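Both complexes below contain chain A, partnered by chain B and then by chain C.
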Partner chain A sequence: MAKNKSEKLDSLLRVVTAFAFALIVLSIIIAICGHNPLEAFYQMFRGAFVGKFNLGSTIEDFIMILIIASGYSLTKRIGYFNIGLEGCLYVGAMFTAAPGFLLPDMPSFVIIPICLGCGMLAGAIWSSIGGVLKSFFDVNEACVTIMLNYVAISLTDYLLNNPWSAHSAAPETPHVQAAAMFPKLPLAPSRASWTILIAVIAWIFVYFLTFRTTFGFKLRHVADNPRFCEAVGIKSKLIILGTVMLSGALGGLAGGCEILGVYGNFMQNFSLNSAFYGILACQLVRNDLKLLPLSALFVAFARVGGSGMEYYTHIPKSLIDTMVPLLVLFIGMDKFFDWKRWMRHFKRKSVGKKPIDTNC
Partner chain B sequence: MEKIVEMKNIHKQFPYVKAVDGGQFDLYKGEIHSLIGENGAGKSTMMKILYGMYDIDDGEIIINGECVTDKKYTTRDAIAHGIGMVHQEFMLVKEMTVLENIILGSEPTKKRSRNIAIDFEEARRKIQYYIDNYHMAVQLDKKIIHISVGEMQRVEIIKALYRGADILILDEPTAVLTPQESDKLFEILDSMRKNNKTIVFISHKLKEVMKISDRISVMRAGKYITTVKQSETTIPDLAKYMVGREVFLNVQRTPPKAEEVMLEVKDLYVPSERELSKIRGISFTVRKGEVVGVAGVDGNGQSELGEAIAGLRRVEKGQVILDGVDITNKSPLQVRKEGFVHIPEDRNDRGLNGSHTFADNMLAAEIRNHPYSRFGVINQKKIMDEASIRAEKFDIRPRDVSNIAGSLSGGNAQKIVVARELGAPTKKFLLAAQPTRGIDIGNIEGIRRMIDDTKRDGVAVLLISADLDEILSLADRIIVLYEGQITGELVNDDNIDEGELGYLMMGGGRENG
Partner chain C sequence: MSVVTILQNVFTYTLVHDMIAASVPIILACMCAVISRQVDIINIAAEGIIMFGCFFGVLVSYFTGSWLLAVLVSMGFGMLISAFMGWVYLKYDVNIFVLGLCINMMGSSGTRFLLQTIFQTSGNFVSEKVIPIPRINFSFLEGNPVLKSLFSGYTVTEWLVIPIVILIWFMLYKSVWGLRLRAVGMSEKAAVTAGIDVDGKKMAALIVSGACAGLAGAHLSLGYSCLFIENMSGGRGFMGMAAMQFGGANPLFAALGCLIFGLSNSVANRLTPYGIPNQFVTMIPYVATILILAGSVISGRIKRNKSESAIRA
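== the complex of A and B ==
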């Protein structure tokens, strides 16, 4: 909004300081564990970007994280803590896969929209449970959605073990028809696919919706002052519900892209806590939509690079897994790194002392 | 007389505004010293600094000959120096009794219990002393939610005295009181002055200031203007110091045209969380080109009446008819579509979205309409253009509509609300609830003019206000609300009796008491 330049610079400076602090703390942790931090970071970078497989894996993660983060961004803006995106992702993935193996063979341009549409619808409906409870009954969304995550995982477990089981050794559904799969990016042997386009479209959609439409206008206002909205004739309850459902639809879309882009069928526990990383990516940039792709790429880098580093150096990946949370922590307290405030604090102390020997 | 407080060259910067810029203030023992100025002039900030609530960027404060700004100065230190403050918003725990509220934080304890059990007898004895000495009637065992605003204020005053205050700061104490209650407050203040207490009286009601003060200090835009003795100044002089130019508070009222009825309220019943604020069967009409004022002490159902008409509160029984259309229990959006515009009573609550721009706030109610949006897609340029036109028309400062509304002081913030509502192209009925509450004189004048202009354009206006002067200067007819019922209706002409109005506001004239 209408911030002046020096303020923007200040906030950027704070973020950079926070980032540096996180890196220093992480380096200390790695050093304490008996490894060389510089070596670790170098290998991490290599593990994420060097070579077709590594780069492809990063992009694969980036796709899902960006879609989830876009969805989370919507609800974050209205102050709804949508931790239930994981559940939407599971339900969405399952219902994206289902038409893919249930329906007769069709051309790609028919079956792909059907699959993704079903997945998004399922995600939206799943998400609406928390949304209805929140907007009409004032039930805390965090408890509801976190519990619904387990329900969603169990529900998909049931489906893939019983009616929609592939009857193979592993708990999984049959493969979707070949035409439903997205083509892979030329980064074989990685599994990254052209669903990256879907991710970018989802992000642009959310950006456009938030800042260029009347719906976005209303949702931005609902977050800050629902009573104001009521008075000027904005139906805040419906806006909240709509936003939560859209967010769920994007969660479902993320699951769908995993199925049609990566796996081809629904396997049990295929995404352990992936949605969580999407949420982190959004938190990392404080819901600044312009920076969201960058943040998603960074989180994907930390995730994939961590695995790479473990492979090359035997530094455990769990060490690197502390990096993103550390960053979120430090950036969350970025006011702490406001050097101007510290300066003022110290200056005041010295100014305050002066009157003792002069006036009083 | 002995000088007990001196504040010199005070500077205080807030994120968006320089609240105090070279402020200056002093106090002699046993005087009532008024601090006046428009909203945003920095008078409350000045006193909050004295009370230790804000740090200062520069300057010094000397209390009883001791410089307190050489180390960190907090509210705790202020209380230790015998300073007490009664804030504009009362800081009372609603669910606790008056007695508990007064002693909260400094409870006397029984020695025998190793200072664990509260000694209520001792507390009662101490409080009774203040009640008797200053004739402050309070009911010690009632819960705060069950007492009147005037009584809450007395509780706040006793609370300060109980903590050993010799210097009492009152921040706009009469804003929430009836004329009668204000008079009572002045008697209390007078008896406190006789007991050698020192009082700082913050206000922008000049009549009251002239009535009660010994000396008067004026601030404008964060700067110290002057300090004068009450005996050596006049109201027009003070107004001039405050605003920096001549002001005319009483808007020249446009005579009403006897036209057809625009709003009709029939036998309306509205529930409320508070017993005294329930609307119990009221009926009235507002004609085109007429202002009907709703007078009454705050909390007698004014808010409920306004919200019921606006569609923000459910009506239990009865009807609201706007230009022939029944709008009873319609959603705010539907009511607005019938040509209803609304200046809500609390601009920080329903009136404005403080974290958004002027432009967003000005057009929030019309965002669905062409040309501001089409097929759900916003036309940002049209919004900014229209907002700039309105900023010019309604004299909003600063003019740049991409600023954040939350950064504005009362008057300009309220003008944004006014620009949204009165700037709307089609309007038939305006509900103006406390349109000038807590804003500065210069802007009060402007907003009252705008309301009068709206009326001249043939819009029906219902003006709900706790400020009698405002009702008297704008309304053509006045209805008085007391405990959710209408106790009287008066035509506002030259021979209107203010005494009678006050009498009706206190519930006089109701058949069954």
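== the complex of A and C ==
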């Protein structure tokens, strides 16, 4: 996929135009609501980065979004739309918490790998259902994994209400042992912890795996031409299954980091579609792994900054939550924002007949 | 309390009414998935369109006092959203799942934003000025509680579901329009060769499916209940999609699948007070759909392999 320089520049320009357009739409809506857009953006920035608590909250969000986005990026590369990461997140979080409160007290360096390992294994097994059905039986992955999300939510709901209930007022599991918790970052009131290292390691792992290993080479080619891969001896089905399981393991890891870094126990509905924001973060940069942390930071900034904006200017946070998917749509349809094409269009109204579409 | 008493309390004749009431929004959402599946588009945006439908139903009903206008506006808005989806999908080739995911997320947060800015409340919106869809009561059934529960007290939209499902089935399988639509879904290249306007057919299917999802939303907020709650669609769009898979994109079988979803939902609701873990009952339709989906694909593959080996031999 070697693009020449001017093409790259054009593509960047289109993305910037799309971004600016989304920003203008947002400003207009804020202005209609009777607020000053600049003031709102300033408060949004302050709400996300200024002060220990705000910065900590952004980092807390960033950790999960980066891990999920790394996992999604793997499957995206083989053309598998892994909307089931939400389910992996739930299952992984539950099975990260379970050894934490079931096993006897142990030192940190033993219990943390056990917990995270269980969570990742659970996530991998959970997503392998969709992976097996996709790779061996060609069942559409989106249909299966959406349903598996609901099954995962019901299953964890059962576990936290019945066998693993904390018997407190709220539906939650007991707290994991103190040694299993990650130390917090020095951003005191916020709950951000050193799981940020795990997030960065996960991202570097995915980058390294995709571009520097044989497995990555195979997985990058399986999407382009599975029949060619089979012909030269790459077992494309196993590659797909392996990638999907790895992605599920990362989904489980994201849930595990939430448990061991932030909450300490599994609570009902703790995630509320956070996995979908990870997917959006990956879509925002069109699966460009180098830009992934930046995009994850942007999504975390939008989510947390929205709260700050709501607090100071009374513009609802839900406006920002609406604009993030809209921005992803704009970035996706960036050809619409090609101003050169519009210029041409306006210069000569009669462009002539449309060329016949040969590849339907 | 013994198991038999609990079962007797759960499986009463009123369960039928509950089941139908719970199924109708799912059936309408399911029709959205069915029509778009027929042109080979997996439309996961029903959830988001339902949310917009719910909100605009309540909004229009509140300001104009007409439930009919509210239903029509909801349907129109659903068509508008799916037309936008079709434009983005067909012209700019955005991945349909990403598109659906974005619409769903916008549906959930966008309605919350509108609720907060227009009605200045958050969470839910209840008002006496919201006119619900009227319920049809048969006075001659008043004497018989069983028949009254079975046939009386449904809203207009609940009755309308039957003709809608049959109409969609008829349009898809018995009309020229439907034949061409299904041709696009089965083999796009063949359809182009036959001179069918593929993009036009896809757009038409998406717009009709948007109308169905909008109607589902209006029914959910004005017929099933008479209020707006954040995230009130509660996964019904995805249940409809699951039922579509269950019925193999045939409206009639898919509607049957929706009844199973409705039944499991109402049984799960009735089991809750007895302290029985109802999560497994809620899970049944999803698991069943996955099994049926996998089963149908696997059996189809075995059949194909057999016929191919017969040709070779």
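Basically, the second predicted complex is superposed on the first by the 338 of 360 C-alpha atoms of A that agree within 3 Å, B and C clash if a C-alpha of one lies under 4 Å from a C-alpha of the other, contacts with A are read in each partner's own complex, and residues count from 1 in each chain.
Simple rule for what comes next: a residue touches a chain if its C-beta (ideal position, glycine included) is under 8 Å from a C-beta of that chain, and two chains touch if they have at least 3 such contacts.
The model shown is predicted, which means the values in this text are computed figures rather than measured ones.
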Request  = Could you say whether A:Leu155 touches chain B, chain C, both of them, or neither, answering first, second, both or neither?
outcome  = second
Inquiry  = For A:Phe276 in the superposed arrangement: first (chain B), second (chain C), both or neither?
reply    = second
Task = Would you sort A:Trp194 into first (chain B), second (chain C), both or neither based on which partner it touches?
result = neither
Request  = Pick one for A:Lys235: touches chain B only (first), chain C only (second), both, or neither.
outcome  = first
Ask   = Which partner does A:Gly332 reach: the first (chain B), the second (chain C), both, or neither?
value = second
Inquiry  = For A:Phe217 in the superposed arrangement: first (chain B), second (chain C), both or neither?
reply    = first
Ask   = Touching A:Asn225, do we find chain B (first), chain C (second), both, or neither?
value = first
Per-residue contact with chain A, leading partner among chain C and chain B = C
Task = May I ask you to decide whether A:Phe81 touches chain B, chain C, both, or neither, giving the answer as first, second, both or neither?
result = second
Key: chain B/chain C common contact set on chain A   = 360
Ask   = For chain A, which residues are in contact with chain C within the complex?
value = 33, 81, 83, 129, 133, 137-140, 142-144, 146-148, 150-151, 154-155, 157-158, 161-162, 273, 276, 279-280, 283, 316, 318-319, 321-322, 324-326, 328-329, 332-336, 360
Request  = Spell out the part of chain A that touches chain B in their complex, as residue ranges.
outcome  = 1-2, 212-218, 220-221, 224-225, 227-235, 348, 351-356, 359-360
Of chain C, residues touching chain A in the complex = 42, 44, 88, 91-92, 94-95, 97-99, 101-103, 105-106, 108-110, 112-113, 116-117, 122, 188-189, 192, 198, 235, 238, 241-242, 245, 277, 279-280, 282-283, 286-287, 289-290, 293-294, 297-298, 301
Touch list for chain B against partner chain A, complex = 55, 58, 60, 62, 66-67, 69-72, 310, 312, 331-333, 335-336, 342, 344, 349-357, 360, 364-365, 367-368, 373, 376-378, 380, 400, 402-404, 420
